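Take a look at these structures.
In the two complexes that follow, chain A is the common piece, with chain B as its partner first and chain C second.
The block that comes next holds the complex of A and B.
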């Protein structure tokens, strides 16, 4: 698989190293000649000095045969432009962009970027996981299908405790796919499964119905 | 000085002939010496590294054939190889490392770029990164 990474900073460097270790063909496009040289010296001839937002650079990088195009510069605008060029000019099948400002994520998605990675949101999710006051956690975005996988921990005082799943006002199209119970085997719930306090539920939902799910499973 | 494994990168320039001849002369001084002649085809990133670039491969075969002929005339055997790489310098260094070469011998011409003497990109890289001795052979009549 041929992967192009735009941005040869620390993130780009370690990402490149990890992907090379996996046996992938990787090229890093880096604006700074010094950084580019360092990468070439340490990882082999895998860096191209140039601007990933320029068509000529992407042509020289062989973007036309690229399988995955990843942008990890510190600049959201550069990440967006480079991904859009890759997507629309070179028909790259999969583009992934780093987003520094989480508010930009929606714009990236609207403009056709296949996947976004927001470090702010990732850290936030980890913090939420550590805090008992945040029992709903995002596990995975399935952007192309407009779905997300979330984990919900049922608070002891929730109105859903002791009720069957079919009795709950769950959002339309939502699926409760797995229940993990303390010191018991995980189970695939059916409509008649009774919810217990502190159940960890893995659910597949539409992102816009997150509040409905929260109300159905976590309200006092 | 004894050299048992000599690598001669050939690029199809006029200086190749002198480099092969010198390599043969050095090899003849040791009974177990081996000469390796390689030609590196730089492959654009728009193509996979193992792409079959027929005109380039044909040219490489001609260049290496010529090197073999020169060595034969001097009573030596040269092992030849065509390499495909993104950059020539690192490919030469990798080859020298893999084959445990103890001398890289390169024929050079006196190239000028904008009126200034210029070694190009490959030679400085080889000089900086070679795992063995490097000999640049410049012939005055080339």
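The block that comes next holds the complex of A and C.
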């Protein structure tokens, strides 16, 4: 598989290294001559010095035979334009963009980028996970299906403690797929499973029903 | 007409001045307040500090009821992204984008954006000067 990465900063560098380790054919396009040279010196000749938003650079990179095009520069507008060029000028089948401003995720989707990764949101989620409160954690977005996988820890005072799953006002189409209990094996819940305090529940839901899920499992 | 101009450089400010004189409601958006020095003292429109890629700034500028959106910042990609937000997210009826790079302009024209390349236009004018 031939993968082009635009942006040879820290993220681009480690992504390139990881993909090379997997045995993929990788090319990193980097604007800064010094960064580009460092990558070539450390990882072998895998970096092209140039602007990934220029048609000429993408032609030189052989974008027309590229399978996956990934943009990880620090500027959302550059990531968007490079992906759109790859998609519409070079017919790259899959484009993935890093997004810094979380608001821009829906813009990128609407403008045809196949997948987005919001680095800001990812860091926020991880920090929230380390806080002592019991937030709803996003584990995974299944973007093509419009679903997400979330984790909820049941607060001790929640109204759902001691009740069976079928009695709970869960949002439509939500699936409670796994319960992790302290010092016990994880279990796949059924309709008659009784919720206990401190249960960690992994659920698959539609993103717009997050508040309903929160109300069903976390309100006291 | 309500016109939002993103980027208050020489071109943005001059365009704002012309439209203001013609009685249009003009809002100029720039992320640097120093840029507003290009506007004349008798400018009756609004100079708004904000980023044209930011939904909140755009809403503050009244993009939801805007008739025209024009992007003339120094960055081609910034102009392109802002114009696509104006056109596809806020459904502004007329959107015009400045793109210096002629090749990038050609692509976005095929994608339905109204775009002008000063590089192409000005080179053509200079060529005509040489040949006259």
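By our rule, the second predicted complex is superposed on the first by the 219 of 220 C-alpha atoms of A that agree within 3 Å, B and C clash if a C-alpha of one lies under 4 Å from a C-alpha of the other, contacts with A are read in each partner's own complex, and residues count from 1 in each chain.
Heads up, the rule we're going with is that contacts are C-beta pairs under 8 Å (C-beta built on N, C-alpha and C of every residue); 3 or more make two chains touch, one makes a residue touch a chain.
The structure displayed is predicted, hence computed values, not measured ones.
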| item | value |
| --- | --- |
| Chain C versus chain B on the shared chain A, clash or fit after superposition | fit |
| Partner chain in contact with A:191 - chain B first, chain C second, else both or neither | neither |
| Touched partner set for A:104, first chain B, second chain C, both or neither | second |
| Chain B versus chain C as contact partner of A:25, first or second or both or neither | first |
| Touched partner set for A:76, first chain B, second chain C, both or neither | second |
| First, second, both or neither for A:88, with chain B first and chain C second | second |
| Which superposed partner A:61 touches (first chain B, second chain C, both, neither) | first |
| Between chain B and chain C, more extensive residue contact with chain A | C |
| CA minimum distance (chain B, chain C), superposed complexes, angstrom | 20 |
| Footprint overlap on chain A, comparing chain B with chain C | none |
| In the complex with chain A, residue positions of chain B that touch it | 44-49, 85-87, 90 |
| Chain B partner contacts - residues on chain A that touch it in the complex | 2, 25, 27, 44-45, 48, 59-62, 64-65 |
| Partner chain A, residues of chain C touching it in the complex | 53-55, 75-78, 80-81, 84-85, 88-89, 101, 103-104, 107, 110-111 |
| Touch list for chain A against partner chain C, complex | 53-56, 75-78, 80-81, 84-85, 88-89, 101, 103-104, 107, 110-111 |
